[in-house]
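For reference, the structures are reproduced in the following blocks.
Presented sequentially are two complexes of subunit A, the first with subunit B as partner and the second with subunit C.
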Partner chain A sequence: MDPVFSALSLYKKRKFEECVTTCTELLDKNPFDQAVWVLKMRALTEQLYVDDLEAEEEGIAEAFMDNETIAESARPGTSLKNPGTSQGGSTQGYRPWTQTGRPVSGVVRPGTQTARPGTMEQALRTPRTSKTARPSTSQSARTIRLGTASMLSEPGGPFIQLSRINLGNYASKPALAKPLFLYILYHENSIRHALQLAVLATQACEFKDWWWKVQLGKCYFALGLMREAEQQFRSALRQHQCIETFLRLGRVYIRLDQPLSALDVCRTGLEYFPKETTLLTEIARIFEGLNNMTMSVKYYREIVTEDSTNVEAIACIGMHHFYTDQPEMALRFYRRLLQMGLYNAELFNNLGLCCFYAQQYDMTLSCFQHALSLAKDDDVADIWYNIGLIAIGVGDTRLAGQCLRLAISADSTHAPAYNNLGVLELRRGRVNEASAFFQAAASLAPYLFEPYFNHSSLSHKMGDLQASYIVIQKALEAYPNHVPSQELLRALEKHFTFI
Partner chain B sequence: MGSTRNLEHDHLWLNAHTDTRAAVYTFSSCITLSDLNADGDFKLIVADLGTGSTNVKLKVYRGTSLHSETALLDVPTGVTSFYMDLSEPRIPAVAVASGSNIYIYKNMRPYFKFSLPALDVNPLERDLWMQIRDEHLEINVLVELLNNLRIEIGHSQLSTRSQHILSLDASEAASFVQQHSKFPLKRQTIVTCITTLKKALTEEKAVSCLVVGTECGEVLVLDPEAFTILEKIKLCAQDNTIVVVPAILAACGLHAVEFRIVAACRDGSLRLARRGWTEAKLLVQLPAQPVAMTVSAENAAITIALMNQTLQCFSKKGKLQWIVTLPAAACSICQIPLPHQSATIIAVSLTGGLLQLYNGRQMVDVIKAPQTVSGVVFGRFGQEENALIMFTVDGSLMVKILKRTAHFNLQGSASNTVSVAPGTAQQVKLQIPKKTRLFLDQTMRERDNCIMMHRTFQRDLFQLRVDVARACVRALQSCNNPVSLEGAEPVKLSAQVLGLGPLFKMVISLQNISASSLVQGLGILFHFDDKMYSMEKPYLHVPMLIPGQEYPFETMIRNISELALSDQVRVLVVRDGQSQPVLAAIINMPVCDLLV
Partner chain C sequence: METSRSEYSNGIPSRKLIPKPNEPSAKEPELQTVESRNWLLHRHFTRKEFGICKILIQEELERTRGKHEYANYIQGLILRQEGKIQESLDCFQMCHSLDLKNVDYIKQVARSLFLMGLHSLALEAYLEAQQASKVPDWDIYHNLGECWICLGDYTKAKESLRQAVQLGHHEHSYVALADTYKMEGEIQAAIDIYKAALEITFRAAPDSAQLATSLGLLYLQEGKYQHALEKLGGALARDPQCARALLAAGAMMQNHSDYDVALSKYKIAAQSWPESPALWNNVGMCFYGKKKYVAALSCLKRAHYLSALDWDILFNLGLVHMATQQYASAFHFLSAATNLRPAHAGTFLLLAITLRHLDDPDNAAEAFKQAGLLSPMDASIPLNYAVFLESQGDLDGAALQLERFQELAQMSPRLSSELVQTATQLSKVLNRRLMSSNGSKVEGVDGNDKSNMAIEVEAQVRVRNPPVDSSPESLPRNHMADDEV
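Presenting the complex of A and B:
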């Protein structure tokens, strides 16, 4: 068989390694065979290609060192920075918040961990483990790790020496320039060179090729030049409507913290591509970010009617039902996920909780036992914590205490476990221990209002009104509409002003 | 306030001067404006409380710059300026009340010091101190007799020396007696507040008397030239043992004709004194402690801000006129007289940095300051007649000028409190999701199979208990507990990792969670892969842990691995001479971000 044809066939079968070796052999014989050269480039790129739209995550540096921020205190419901402000959203009272201080999401995505904290210190203080830490910039080691090729030296030097290559030569040849661009961007991860090539190429085709404009926008986006990226994407959309471009333009607006503009872009996209699930997902995510769960779930439902195996949509709808007091509905959605072949600790944990609250007691504990046996290091703490909740529900405080201690020993920064342990100690009348646990929970998770409220009401009962007053204000800062906290504050104020 | 009107009128005020680094910490009572050199250029005189003990200074601002500063010996309680005499040029004096003295400055040079008259010392107390001086008395007997005397006449009737010795331990009392018994015994009172009262004429530069409130519950009116006591008014009845201490004073009228002195007292009462009275009359008992007060010059109406976040107005007879609920706690008040609009506006500074302007009970303007304004005065500053001077809690100075064209919207709705119609709260429906069909089906299943379900659940629960117990034992054996279990050391461990890497800061905090027992002899040991990390201090010594206190320990840890990988670090709390660690925690180190 013709070796070029076999390489092509290998590429189509997605056997990239073998394809690359075949191409290398061919190139050794004839270094100027452009077809093989392009094929090798494509194979190398495909090997390392990541869906950068899904993996995108805003780094600490971008969040703080951007100069695009306009309003410090945005109007309610127009900013992703303070999700608590939107009207009619869920509150912490019945939907807990994640470690980074956002409402819990149905699925873990890079974006769900990236709350936008108010201060740099807060950003650095959020419990940083290998699982939850956010990168310092989006162009950091993490991206490189996703595409490690540029860090490992290849035998006989790199395939293409970027510093030696004459980009101008290739820019005018679209058949060569496009694969080369993708290779530089994804394989070499050199945005500077990629941008250079894209600029030259778009000039060469007299600004008529929308593809180059999208690529330019991608480069600008990666470099943090949001307004330039916006311009490129908009201009590309005028020439040709493409789902990816809509999504990318939406991301630009999200980065600029203009979720409403992002929603507009996605809706325009839906006019061209009705019921397109990626666009619907994007809209649902933005609504979730704005803490508008009803709208978010509405779009997720639309996704499920189009694509009944969309894990994210099913999980999010399930989560919504669970926290709106319909665990039996949530149970159905999670069971659907199980039927689809998902088999992990988180799912069993959720199933167990749903069974318990939907009063299907016979399945509850076996679900948790499955979850425990499947759990990895990072989620075992949450499972112990949930078993602790079941134990409290059953009334076995001794078991609950043990479970919560296990949760803490698995993850020494598990603030809700500390809080619940404090409540259990308080019930046993051990005030000092309880107070210490509340303090620990509060220092680990300043976004939770429960430890503050518990600590404050404990101090109030103990007669330490000053401490109680200081702490209750923090509780109200975390959750301004918490009525018992407000009542406690009012009672304390009465104490202080009373003559 | 139900009003949604935007009350911020930027066009009313000009920003004349802002100095965020003025570092002047003061209150309204310690700020005054005065034509110090009789040249028509009004200066701002402010007593800077500094840190509360050091850096106490009297500062004079001329325009936007600091003109002069004089060190003060003690923390001032009030600063006021007044005309002492009729000599030309008309240079006003500045009175600074501090401790039991009033220091008078003229041309910003010390001029006179007035000390409050000494109070009578209880004869028995004097006797006791005489005896101890001549060493006829044991110290413990003295303390006991003084204690008896205190119960008899009250703590505040004793001299400060007796008060002090009663608060000392027996061991310290001896040296205290030795040090102080040689000096004659005096009982001094201190100035709590100060204000001025025009003597005979109402004009602007007329001679004024000083009105001083003291800690012993008296209000004194002093002659401006001779500094003799013209009036001495007790704030409460003579036979009353409880001393009513004035906290804020305000005076209006003329001393020679008719005057009213209103004192807001620490027991939450408003008391009124008039010409010829030797005892003040209780005007009204307030519902909360007073924060700041002004008395209108025209109708002697009293506007007072209270600690319960209200602004209240009383007529001169003590009748409550209106109450306004403030959005935050009030800090200080100042009057803004607007003769051209024939109105007097009251500015109330609130915690959080808001300054609300009220005309009667109607809010007419809002000024936003970056920080809580602790001291605010309005008056003539420099050449400008209507200047508002604000000092914030973080020590910055702001001067705003009221525009000549400024016109407050004084005619508003008579009542600006929008009452919510009763019952609207009840009409809001709670969003409770309906019980689904599925729920009913499941309930049916539960009802049909209740025995089976219960048995399964109980069996699983027992199984779970065994599993949990096993896991607990495993955690105990591997010493993997950041919180001690019963019976062990009552210590709690928490750890935090800060930084982006490769250099991280690790903060370990230990807390003794027992009620009263001390914990000592502990150390913190770190267990980590030395190919991955290097640590500044792999062992930390822990001092004695006092119950309840949280002890933070810090150390630096550096990721030295070539690959951007992360690992776990174990923190072990160990006891000297014990092989088994007391507590332990695993820290999942963050991945370090190698910037490209």
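Presenting the complex of A and C:
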């Protein structure tokens, strides 16, 4: 068989390693065979190719050295930074908030963790899950991992020496330039070289190829040059409408914290591609980021009518029902996920909670048993915490206390568990322990208002007005609309401002 | 470089170039009086412009080497408003050391101590202030009262507060005094205090909606519904958004089965206080009264979600579930309620009835006995027990319980007619069955259905000024760590 043909066939069968070795042999014989060269390049790229749309995550550096911000304090409902300000959203009283200062979401995805927190300290403390840390550099964690492929020493030196290559030569040959670009971007992970090539190539084709513009935009985006990226994407969209371009332009606006513009872009995209689920997902996510749950769920519902196996949509709708007092409905959605073959601790945990609140008591405990047996290290604490809640629900405070202690032993930074332990201690009349628990919870999780409020009201009762006064102000910082906190502050202010 | 060398020799400055200290200047120094800028401080302070105020104070203190009385005083007040009590205490102590005779400073020192929770020290300081002051001062008496309350000596507290009230007619004193009486359980005395307070502050105080509400709640506690309604109405006339008053008024309407009016009150209250478990509990029971069970359940469940450790809500949930004949769910809620509060007879009574419907007569009997033990004067318990025993075929036991009911019924004159009816029916049935000693099942079952209703009144409304502890928050963590393909 012709070795070139067999290499091509291996490539089509996605046996990239073998394809690469065949190509290497061929290139040893004839180093100037362009077809084989391109094939090897594509095989190498293909090995490492990821959908980088979903991989994007904002690092701490970007969140703080952010010079694209338009307004320091944006108007309510126009910024992803302070979701609490939007109208008609869920409040902390009903739907708990995560460490990143926004309501819990149905799925964990890169976007939900991108918090833009208030202080550097909080940002450093905010984990991605309970164990791994958030990326602190300008490029996303996954991109950095990609870069390691270029660091592997290859026998006989690297395939292409980027520093030696004459980019201008290749830029004018579209058949070579595009694979080369992808190779540089994904395999070598050298955005600077990729950008150079893209600039030359787009000039060579006289700015008529939309593909190069999208790639330029990608490079600019990765380098943090948002306005340039926006220009390129817009210009590409004028030539050719493509879902990916719409999504990338939307991402640019999200990074610029202009969610309304991002929504506009996605809606325009929907005019060209009606009912496209990726665009609908993007819109739903933005609405969720704005804490506009009703709109978000509306779009998720549209997704489900189009694609009835969309995990994210089903999970988010289920979550919404759970926190709007419809556990029975939520149960149906989560059951659907189970039917689809999802089998993990989180799902069983949610099923257990739904069962409990829908009063299907026989199912509750078995669900939690499943959840515990499936749980990985970072979920165990949450599951024990929820079992603690169930124990409180059936009035068994001793069991509740034990569960909460187990939660803490699994994850010693589980703030809600500390808070609930404090409340239980308070019920048993142990004031000092309760106060210590509340303080521990508050120091671990400044985004929760409950520990602050509990601590403050306890101090108020004990006569330590000073502590109470200081702490209640923090509670109101975390949740400005909490009525009992406001009343307590008003009562305390009488003592403090009265001359 | 040249000049510097001429000035210094071996690092020692040459003598003639040392500037003479205190060289008399040509002009007379302008002697500023210490108080010259007090007016400015005062103005900024009263406008709450604390930033400017602090800069000014800093200047003044530097100028006077920290001996500026008024600046220290204002700084203390500002620091107190910022919550830095220890630092403000230092300022006031400085003031006190500058002017030992000034009563105000002693009072402020004492107040700082009080705010820090050092009640006995505060008490001593106030006593000192009382000695220093020439005229009797209501403020000192008031604070003495507060200190005594915190130290747990109510008689002395009352004494001081009474004097404060006589001297000052101040709302805070009245409230504190009434609270003391309430804590000692003398509701009537507390009502009198509130009445007096309302008469005096009627025109002046803008905050009197709170006073009126408190008075209304006290009346409610005493069972004087007419008076309570009057006061609450008055409070609402002054402040239509007052959530406490709205809640209490709604609860009263609810007690009179006027559910629509109650709901309209709750609707207003819900706008200012959407997360109150008490509110949702009452709304739920309104719906229950209107026989809309599904709505009632969802409201009660929301209340339960907001305050999971509240046994009232669990009790009501059990009641509504019984009305919808979901006895298993009712059992769960009621058993949770008994776990959280084991000393409530009504819960055990309901539990007994549920157990009866769940076909567990042994435990039902236990529950009836427990209920009877907890509340031996409640007439409805023996009656329900009698009905239960009759259905189990234990006619002698039933007759005994019925006898007990009749004894209790004679003691408590205001018994609901429903109870009496059930009792007479039951006695008829019993008699008939005892006559025809065959014991064949007679159609005497009709008494049973009604007996469930006998204790409803208890369940309905608890006007609860919400408990202080925020419930352990239900934070179901729904992390769906999913792959998205």
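Methods note: the second predicted complex is superposed on the first by the 480 of 499 C-alpha atoms of A that agree within 3 Å, B and C clash if a C-alpha of one lies under 4 Å from a C-alpha of the other, contacts with A are read in each partner's own complex, and residues count from 1 in each chain.
As a convention for this text, a contact is a pair of C-beta atoms (placed from the backbone, for glycine too) under 8 Å apart; a residue touches a chain by one contact, two chains touch by 3 or more.
Note that the coordinates shown come from a computational prediction; the quantities given were computed from them, not determined experimentally.
Engineer: Quick one: classify A:T24 as touching subunit B (first), subunit C (second), both or neither.
Structural biologist: Neither partner.
Engineer: Does subunit B (first) or subunit C (second) touch A:V483, or do both, or does neither?
Structural biologist: The answer is second: A:V483 touches subunit C but not subunit B.
Engineer: Using the superposition on chain A described above, determine whether A:S261 touches subunit B (first), subunit C (second), both, or neither.
Structural biologist: Once the two structures are laid over each other on A, A:S261 reaches no partner at all.
Engineer: Determine, under the contact definition given at the top, whether A:I408 touches first (subunit B), second (subunit C), both, or neither.
Structural biologist: Touch partner of A:I408: subunit B, not subunit C.
Engineer: With both complexes overlaid on chain A, does A:N386 touch subunit B (first), subunit C (second), both or neither?
Structural biologist: After superposing on A, A:N386 lies in contact with subunit C but is clear of subunit B.
Engineer: After superposition on the shared chain, which partner residues are touched by A:E328: those of subunit B (first), subunit C (second), both, or neither?
Structural biologist: After superposition on chain A, A:E328 lies in contact with subunit B alone.
Engineer: Touching A:S235, do we find subunit B (first), subunit C (second), both, or neither?
Structural biologist: Neither: A:S235 stays clear of subunit B and subunit C.
Engineer: Given the touch rule stated above, what does A:L399 touch, subunit B (first), subunit C (second), both, or neither?
Structural biologist: first
Engineer: Quick one: is A:A440 in contact with subunit B, with subunit C, with both, or with neither? Answer first, second, both or neither.
Structural biologist: first
Engineer: For subunit A, which residues lie in the overlap of the subunit B contacts and the subunit C contacts?
Structural biologist: 129, 325, 359, 361, 394, 396, 494, 496-497, 499.
Engineer: For subunit A, which residues are in contact with subunit C within the complex?
Structural biologist: Counting only subunit A, the residues touching subunit C are 54, 91, 93-94, 96, 104, 106-109, 129, 311-312, 315, 319, 322, 325, 342, 344, 346-347, 349-350, 353, 357, 359, 361, 379, 382, 385-386, 389, 392-397, 416, 419-420, 423-424, 426-427, 448, 450, 453-454, 457, 461-467, 469-470, 473, 482-484, 494-497, 499.
Engineer: Considering the complex alone, what residue numbers of subunit C touch subunit A?
Structural biologist: Its residues touching subunit A are 77, 80-81, 83, 85, 114-117, 119, 150, 172, 243, 272-276, 298, 301-302, 304-306, 308-309, 311, 314, 326, 328-329, 332, 335-340, 466, 468-484.
Engineer: Residues of subunit A touching subunit B in their complex?
Structural biologist: Residues 60, 124-125, 127-131, 133, 135-137, 139-142, 144-145, 324-326, 328-329, 332, 358-362, 364-366, 368-369, 372, 377-378, 387, 394, 396, 399, 402-403, 405-406, 408-409, 412-413, 421, 431-433, 435-437, 439-440, 443-444, 493-494, 496-499.
Engineer: Would you pull the subunit B residues touching subunit A in the complex into a rising list?
Structural biologist: On the subunit B side, the touching residues are 267-268, 286-289, 306-309, 432-433, 436, 438-439, 442-443, 445-446, 449, 452-454, 456-457, 460-461, 463-465, 467-469, 471-472, 475, 480-483, 485, 490, 492-500, 509, 511, 513-515, 547-548, 550, 564, 566, 585-596.
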